[in-house]
Structures are given as structure tokens and as C-alpha cells.
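Working notes for the structure below.
Chain IDs A, B, C and D follow the sequence of writing; residue 1 opens each chain.
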Amino acid sequence: MKYNHSFFNDYSEGCHPDILEILNNTNLEQEAGYGEDSISKKAINLIKEEIKNNDVDIHFVSGGTQANIVVLSSILKPYESIIAAETSHINVHEAGAIEATGHKINLIESHDGKLNTEQVWNVLESHTDEHMVKPKIVFISQSTEIGTVYTKDELKKLYYFCKENDLYLYIDGARIASAVASEESNMSLADVTEFSDAFYIGGTKNGVMLGEAIVIKNPEIKENFRFHLKQKGALLAKGRIVGAQFSGLFENSLYLKNAKYANKMASELSHGIKDLDYEFLSDSTTNQIFPIFPNEIVDKLKEKYGFYVWNKIDKNNSVIRLVTSWVTPEEKIIEFINYLRNIK
Amino acid sequence: MKYNHSFFNDYSEGCHPDILEILNNTNLEQEAGYGEDSISKKAINLIKEEIKNNDVDIHFVSGGTQANIVVLSSILKPYESIIAAETSHINVHEAGAIEATGHKINLIESHDGKLNTEQVWNVLESHTDEHMVKPKIVFISQSTEIGTVYTKDELKKLYYFCKENDLYLYIDGARIASAVASEESNMSLADVTEFSDAFYIGGTKNGVMLGEAIVIKNPEIKENFRFHLKQKGALLAKGRIVGAQFSGLFENSLYLKNAKYANKMASELSHGIKDLDYEFLSDSTTNQIFPIFPNEIVDKLKEKYGFYVWNKIDKNNSVIRLVTSWVTPEEKIIEFINYLRNIK
Amino acid sequence: MKYNHSFFNDYSEGCHPDILEILNNTNLEQEAGYGEDSISKKAINLIKEEIKNNDVDIHFVSGGTQANIVVLSSILKPYESIIAAETSHINVHEAGAIEATGHKINLIESHDGKLNTEQVWNVLESHTDEHMVKPKIVFISQSTEIGTVYTKDELKKLYYFCKENDLYLYIDGARIASAVASEESNMSLADVTEFSDAFYIGGTKNGVMLGEAIVIKNPEIKENFRFHLKQKGALLAKGRIVGAQFSGLFENSLYLKNAKYANKMASELSHGIKDLDYEFLSDSTTNQIFPIFPNEIVDKLKEKYGFYVWNKIDKNNSVIRLVTSWVTPEEKIIEFINYLRNIK
Amino acid sequence: MKYNHSFFNDYSEGCHPDILEILNNTNLEQEAGYGEDSISKKAINLIKEEIKNNDVDIHFVSGGTQANIVVLSSILKPYESIIAAETSHINVHEAGAIEATGHKINLIESHDGKLNTEQVWNVLESHTDEHMVKPKIVFISQSTEIGTVYTKDELKKLYYFCKENDLYLYIDGARIASAVASEESNMSLADVTEFSDAFYIGGTKNGVMLGEAIVIKNPEIKENFRFHLKQKGALLAKGRIVGAQFSGLFENSLYLKNAKYANKMASELSHGIKDLDYEFLSDSTTNQIFPIFPNEIVDKLKEKYGFYVWNKIDKNNSVIRLVTSWVTPEEKIIEFINYLRNIK
């Protein structure tokens, strides 16, 4: 790539060296196919320890959209729907993948990317009969699309609300490690497990080559889940490859180490930008930050750095997204701030 | 695994060391996401050279069922169907993945796993009006589920028939390398490209960790194909990972070297078994062979080797499937034959 | 139509005059929409009396393919499939409607259009793991596509088999009245209800303008069924129109009177043809018969009568389908036989 | 029903007596099945005359949701979507029928139930790549869910915008007769045809028992449309029944006479309510009006009349929907106004 550094995303590199080493070390062992290998089993046990729950089912898949497709479509009857934020990944950035499995998404406008129980209640209340869909899943992302996090109390409240109203709570955890690593969220993966029916732990954005771990706590979702995986093209012949990587991610809590580092880099970047008196779209304590710059500053930044322009604020100003990762060099943060100071 | 050796399949190990080396070497380079990276582009160019056609689109996905889902569903209108052998992977072993995208498979009974133009014609002729589906794709596997191969003449004839009858010809190439490496098929990947509308080159069974390369020649199928990939959860964030592996597979024709070796091992195994006067379900010149044994022999083989029992021939005899790969040790072949001789 | 008489089907005319009278008499009454009207309720009560079961749910829809679509898709999870005869309507003549809802049909070859427990067992036994679909519904037609009927004993056996094997038994009853009116079947609608989980009573082919009555006995299928109806476009705004017609069909057992008359006409036609030494594709005791004629006889018949050529027997002979109905004039039967005698 | 009169909807009665007469008169004629009968052909010709376009395809179906399902799903590729108002029938009141065919609806907030080109443009502009769906159809209702109408100029502008931007314009015409009968719209069915790609003419709400006429002008949508009808369970065996009714509706422009009468009744009702100083949710010139009443007035109205409470305005006031039809007695309008005056 042509950039001095890319802040486009947290999946610009391959994988953490420790993970690559595991792949190297286990490479020529003969193992069973389709995720029934000993390496995947080891990874599953490590995750169960970390989430402090032995009574969950864990399945590895190759990507986050795939995880969402398989879990959500496995739960719903044809007339049931999903409640999600307008900004949610499944609504905007999955090319209609959920609707392609036959289900409507009931949208909630949300300024901070999060849902609360009152908003969900309003959706339930407006769905009164068989001429309408029947909402059945509440879909949230932790962290959200705009870098914010649910606190443990918020999550707990939402989960209990779902249980009282016969809804499932599912969490898109593409960046769950970053959320857990944020002090603001005040939650561990064990809490995430306790206060949801199912979620996935994103590996791709947390230092593996590719792969996500679907964690299912609710027994109704567990049933025959491998049929769903197979039917959606998500059951990898060499499941071991993802399993091996997750064993690396959960050995010595590498997932958390990676996320904390990424958050720290984002925080330094964020503080540097704030010190130069720029504002932000959202209060992020995770590895995605959304500063607002005059368009001419955006243009100058583009000359040296890779990033997405998130949207326009007005005729003269735009929000950009800057993403850090487990491997972002601290010197690139410092350089960015210096450059920004100079072009101001 | 508990076996002396597993002949279960050709995806029991990780990947060829040369491929692992590329992953190691490119690991920390920053690259664009979603298959738009320089590593994938290099791999695509290598494949284009090998198939002698620069005017194709190539997309990398994580598995074979996924490749079939995306390509087949991208082509068809809601009322159109696919013609395939009863034994085909999409009919038997994909958990209804194709029907889950809304399409019927019109089945043809085939003793050797292959389709011919007369069989396809009969299907067309029996579909006469809007009360029935409209067959639009002919689906074949090369090599087939039972190890047989289409010769170049057979493929050519089928392709021309399809073109005359407004049908698409799609090839499931999970083991296309093995088919191309078989002298019986008498065809190169360039021939496969010339005589089909689209196909995929299987990587998973040919020495990569995971990944398949979809090759699209027909311009009608090319259009907006990335939308289909995204919607089906098949657009990998780190497309580079599969790209890197295919660059390894097509550098110095490693794909062919791997396949030739696997075929050679299967041939030695096959000859050894024939020499002991056993018969076979099919005439395979690829890396899957299907010997028929008395059930007590099958049981004794199971004590030392891993393999699938394919089906029953009669009360006393069964077909088993033995699969070799790029990494099957020749000594395991010899041991197997010796053991078989001893238990006879 | 240009024919002396059409034996094409049993839906060539409008409806029985008694039914038209009900539509005339109730026309200007204001009623609730979507099947919640008093006329539909009356019809439902009449049907419940006739089937001797008050604990069923009954829903009216506009056509048979629609009934099949809504019921079958309402029952199945995404990976579950339907077992049916190769000749079945859902396999051949519904333009892939079932697959369009996402489900595979597991086919059974059947010479008489019927399924038995051994055939179903073989399908179950060959579906062993999550790489394959999971068969969940046994679909049969009573009477079958080729005019044959299940006897009460056959149906009972199949139903008990289904219950033992965690399968649903669903009956396509497009011509259930004709089957019930056949002495061979030895069953009433009460028996049909007792020995199935759900079925539909065909009105269109039994003397109404349009409409079928779905009868659901199994509580699992009853749940939220109106959502399925609505979603598939099957919940008629003026449900009263079909309700009114079924009230006519079940007042004084008109459905049975209509069917008996149709069967009688078919029987006379059949005997007349047999007396002229022609053979038949199947032993039908219902209102569809399938005589085999030399092609030149078929051509001469076509000059005066409307009917479908079912298929070819060999180069010189074809099966044709002749269908009688509640309104077939007896004189047309006599004329047909006389004409056939003359052209022999 | 228990009401003095029902203003619930425009489908509370059977059908116009002239239409019933046609059904009576043609009842015992033998006709071809599946809409290929002479009665349907006559109806199609009458419609073609009325819309002044002989080059359209016309298909009869049993209901409006069904019409929307079949047309919309027939046009779209898997990744393509529909732009519609948040209040639209397909979004709110079809139980997720459109999503069940695999497609997302892109929503536009609209205070008057209508869409304009600027709103559509904003949707297009925000859909930039293959991570998102690709909007392809603009869906509007004429008249809208809240009784408003597009003027001919508005429709023309929207249609030309669609043509410039490679979009299809489809009109849900459940109440198109009422819209055409409104002077405000200033358009005929010929104009509707000229400025759309496809639409349906609602019969159910305009005086037939059941049935809608799909009119397709765009040749791309015409192709193999009967396959789509069959697959969605919409191809009626006795298509003649709907055909006969539409022949009645278009003989001597009964459709327009019915709609004008319904609009006149709504207008009288509306003026009576306005004269009592109540306000309205929308400016309707069609047969649905939406007055706003204090909740205690609503409760008293409920004692004598049937109608839907549309939604709440605030704690004390609600919108109700009053619908008139071709058969609403003028005396019921007068009674309603008198009653309202008394309870004020």
C-alpha cells in the first residue's frame, strides 16, 4: 500500500507471531476434519475457561458476516424478525445478508450506536398482529460500529428485558475483545456470556489470520447447529486452522493483551487529536475513533495516511474513522499527531 | 488421531511447507482488505497464466460448499434449476445448501458419477412449461465423487451441448488438480477454462490450509459478483490469506506437483489391492479409490487405518473410500498393502 | 373451448349452483376481513363436524400449491427436508415452489404414486449426519397423481411409522373428496384427520370456484399459522368468499355427493374403455383414469375431446389422462365410448 | 357484525351485483385452466383499452400482498433492494413477505406517505459498494396508506428519475381506482401505465370478491412471468373467476364509477367532520380519511361504528381511519355526522 501508515482497519496485517508459530508447529499432524480435531477442542476448552462457563457450545467460522448469518437464521421462524440499530453492521454493511435468509430487521434510530430497553419496547408494542413480523432477536454490537461500548449494567438490563419478553439477545462481537479491554465497559467475557444468549468472539480484528468463535449459551440455539453451519457453507474442512489460531488467542489471554494494546494506541491518538481542539462523533474508549476535521485537513491527511471518511457533518467538515490494532506502531501515532499539528 | 494412518481424506494435514513459508514471509505487511490486496492480485495473475486466459474473473473463498452456493445462486432466476448427478456433492453432502438459496436440483441417475448430453437432454425435454422449473445450469464435478474423470472430449461435448441449449456449465473443482494430473482426463486447467462457464479450483484438498479459487469466464456471471460474495458471508476481510496460499500453489505449478504425487500414491495403493484380487466400485485414476472388501476385512482394516465406509454392496461386502494426498507417505501405502495381504 | 367435451381436468367449470347461491345470498352483508367473518366460522364448524374433531385449526386459502407452500414451509427448520414420491405434485408441477422456500425434497421412486414405510425408512437411514439434510415431513397425495388411493390400513401404518420416527405426515388433498368417495380407500375425512398431522381439503377440484381448506391437527403446526399465511400472500382480505363456498360444500355433504358422481363417471368411462380391450397405467378408483392407446387413436380422440397426453409408453403407444368431475354429463361418457369404438 | 355500520375497510361486502351476474352467467361454461380461458382474455382486452396500451402483459392474482410478492421478487437479483416509504404496506403490513423472498427494503421517512426524487437520490447516494445492497426498485402506493395521492406531475417526475437512474418504478394499486377517481391526482389509468414499469389494479377494494390485475409494461419484467406466478402459488386453476370479475369491472368503466362513489362518500364524511372543527392526519381526496379525535370521542364512536384506531397523537387524542366503498350507504354518513355532533 502506498500509505505512510494505514488506519483503515484492524485487519491490515496477517496474524500475531505467536499464532503463526502454532500453525507452524501443528502443520503436519493428521487431524479429523470439520472442526472435530484435537486442536479445535483444545481451543474450545481454553475459551470455556476464560468465559467461566463449561456449558456452552463453541463453533469456529471464517468471518463475522458468516457468523451473523448462521446464528440469526438458525434461531428464527420465517415470520420472526431482528431488532437492531439503524447503524448496525447487519443493516448497512452485509449486502442484505440477513434479508437474504428471509428475515426483516426492525430498525431503531440510535445516536450512539446502542439500544436501550425503552427503544426495544416501542418496537414490540407496535407489532401487534399477524399482518406484521414478530420481533424475536435483539441484535447489538459490542463495541458498536462507532466505537462506543455497553457497560455491564446496560447489558444486564437489556438481557433481563429480553428474557422477560421472550426475546433472544445476540451480540456481534467482531470487536468484543476491544470492548472487554475498555475500562468503560467494566465487563469480562464471562459477563458477556452471562448476559446474552449467543455471541461471537471476533478473531479477525484481534490478531488472527481469519476466524471467529461463535459461543452459544441458550440450549434452544445449540440444537443441530452444525446443520446450519454446513448449509451456509461455514463448516470448514480444516476447522483446525481456525481452532489453532484461537488456541493461540486464548493461551495466556493474548486476545486481551492484543486488545488492550490497540485501545491504548487509539487512546493516544484520540488525546493527541483532542489536544489540537478537534471534536469527535462519539465517545470511544475502544480501538476505533471518529474525529471531525475540516475537509481540507482531511485531504491533507489522505496524502500520508489511509482511513475511511465516515460521513459528512456539513458542507465543510467530515468525520473520519481511524482504527488501531494489536500491531499499530506507537511511532506512527506520534507521527500522525505531529503531521496533524503541522497542517492545521 | 488414533490411527496408524488416516486415509479419510485429503485435508487431514495443514498445508504444504512452501505455502506456510509465504504466509510467514508476508505476515506483517499492511494490505488492503476484502481481496483487494497485492498478494491476492499476484495469485490471480499466476492462475491466469496457468489457465492461459487473461479475461476471467477470479475470487477466493474459504470452502467448496461456499463456492458452490455463491456461484450457483448468483446465476439463477428464482424459477431456474440445476441439473446434477444423484451422487453429486450439492445433492447429497451440502445439507440442502442449494435448495436453501431457493433452487431445485434436477437429478440424473449415473453409475459412474458423470453426466452425458443424452441424459441432460432428457431432463430438458421433460420440462415443458411454467408449472415446472426451468433447468439452466449443468453441474458436474471433476474429478467426480467416486474418483472418475471426464475426458477432454467428454467435457467439450457437454460444453457445446450447453451452449446450444442456453445452459451454463459449472464445474465443482474440489479435486480439479487431481483430475488434471490424471493422464486419463487428458486436459489442462486451460482446457477446463475453455470448456466451462465457471468453475472453482480446490485448494483445501490440494495442499493449502483453506481456500478455493472461483474462476468465471462467462461475462454474465462476472457482473456484480462481489455483491453475491458479500451477501453469502464469503468475502474474507483478510482475503490476502487465501491469496497468499494460491500464489504458493501456482508458483512453479505446485498444485500439479501435489496432485500428481497424490494420484501416484492412490495408484500404488490401487494396484496393490488389485493384485490381491479385490474389485472396485469405479475406475479411478485420481486420488480417491473405492475398493470392495468383505465386511470382516473392513473391520480388521479399521483397527489400523482411518477411512469411510462408502456403502454396502450386499450383506457381506462393502465399498470403502481411501484417499491419498500431497503428503501421504509412500511407506504407509506399502504398510497398508502388507497388512491387507496378512489379514486376507 | 373448441372441444365436444373437455376431459382436461376437474376445474373447467365455475362452481356448483348451490354454492353460487350462497354467494348470492350473503353478498351484501358486512363481514370482518381476513377470515374472521361469521360465514367462514360457520364453514369451519361444518367441517369440524364432518371430520369428527373439534380440536383442529382450519384455514382457507385460494389454491393447492399455495396450501402446500404455506404448510410445509411453516413446519420445517432451514436444514429439514420433505420425503415425497418422484411423481408428486410438489416435485414436478409446482415450479420449484418448495425449494423456493428453502427446502430439499428427498425423492422416492414409486410405480403406483404411493409411499410405504420401508421406502421412507431407507431415506431416513441414508441421512446420517449434518452434511446432509434431515428429513422431517412425509408428503403424500390422496388420491395420488395417477389416480390411485391409499387404503385406511396403509395410511394408518404410514402415520404410526411417522410418529415413531419423529416425522410429520402431511396429505395433499387436492382430490381428497374423490379418494374418500372411492370404496377402495375405505376411509372417511375423520380417518384422514386421525391419521395425519395436517392436510388440505381441495375445493377447486370438487365444485367450488376456488379455495382449499387447510386442516391442522398437530398443535406444533397450529402455532402462529396466520403469520405464515400472511407472509406467503395467502391471507385473503375477503376470506368470506372461500368460507361461503366451503359452507356450501359441507352442508348436506355436498363434497361427497360431488365426488361420488365424479368417480361414477370415471368408472363408467373406465369400464367402457376396458371393454374395448385397452390397458391402463394405473388402477384408479377415483376421478382420474389413465388409459393407454395407440398414437393414432390418441390423435383421433383429440379431434373431438380435450385431455392431456400423460407420457409415452413406447414408440407407438401413449398414456392419456381423462378427468371427470361433479358436472361431467353422463351422455358425454357414452358419446366418448361410442366414438372410441368407432375409431378402433 | 355488531356495528351500526363498519368503516373498517372497503372489503366488508361481497361484490358489485353486476359482477356477480357475470359469474352466474358464465358459471357452467367449460374453460381452459390457469388463466388461459376466454373470459380472462376478454377482461384483459377491456383493461388494455382502458389503459390505452396494447403492449402490456396482464395477469390476475387473488390478493395484493401476493401481487407485490410476485412482481417484486421476479425483478430483483439476490443483492438488489427496494426503496419504499416507512409507512408502506410492504414494510409494515405484509408480515415480512418481501424479506421472505430475500430482499431488503430501504426505508424513507415520509410525512405524507409519498416519495420524491430527492429522497430516492439520497438512498442511492449512500449505497456505494458491494458491502451494501443495490437499490433497484422504487415502490410507491397510489393512493398511499394515508389516503394521499401522487399528482400526474409528481408521478411523471419520479418515473423519469427512475429511468435516468436505472431503477424500476412499481406501483401498489390496491386503491388505484380511488386515486384515479380523485380530481387531485389528475391522472387516468393510461397515465399510470405510461409513468411506471409495472403496477397492479386492485379489485378487492374496488368491488370484486377477490382479485387484482397485474399490469406489466417493461419487457424485462414480462419475461417468464408465469413461472414466478406458479412458484409463488399465485397461478389460479380457475383464473376465469378473477377474469370474469375484472371483465365486469372494466365493462362500462364500473371500476371508476365504484371509486367515484366511494370517494364522494369519504368527502361527505370528511366535510361533516371538518365542519365540527376536527383536524386530520393527512389531506385525503380518496376513500380513506384520518380524522383526529379526543379519546373519549373515539370511545363513544366505537359504540356504534367499526373502524381502526390508526395511532395516538398524544396522551388525549388519537387518529382513526374511516374507509368508504362503492357500497357505503349515504344515510350511514349522515347518521355518523349526526352522532358525532351529539357526542361532542
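General observations
One rule holds in what follows: contacts are C-beta pairs under 8 Å (C-beta built on N, C-alpha and C of every residue); 3 or more make two chains touch, one makes a residue touch a chain.
Please read all numbers here as calculations on a predicted model, not as lab measurements.
When the interfaces A-D and B-D are ranked by C-beta pairs in contact, the top one is A-D. Of all residue numbers used where chain C meets chain D, over half belong to both copies. The two sides are thus made of the same residues.
Superposing the C-alpha atoms of chain A onto those of chain B requires a rotation of 180 degrees, given to the nearest 5.
Taking each chain's centre as the average of its CA atoms, chain C and chain D sit 33 Å apart. The distance from the centre of chain A to the centre of chain D, each centre being the mean of the chain's C-alpha atoms, comes to 42 Å. One finds 51 Å separating the Cα centroids of chain B and chain D. Chain B has residues 78-79, 94-96, 100-102, 130-131, 133, 227, 230-231, 235 in contact with two or more other chains. Within the complex formed with chain B, the chain A residues making contact are 1, 3, 5-6, 8-9, 11-15, 17, 20, 23-24, 26-33, 38, 62-70, 94-97, 100, 204-205, 209-210, 227, 230-238, 240-241, 327. Those residues of chain C that touch chain A in the complex are listed here as 73-74, 77-79, 101-102, 130-131, 133-134, 224, 226-231, 235.
Of all residues in chain A, only 78-79, 81, 92-96, 99-105, 107, 130-133 touch chain D in the complex they form.
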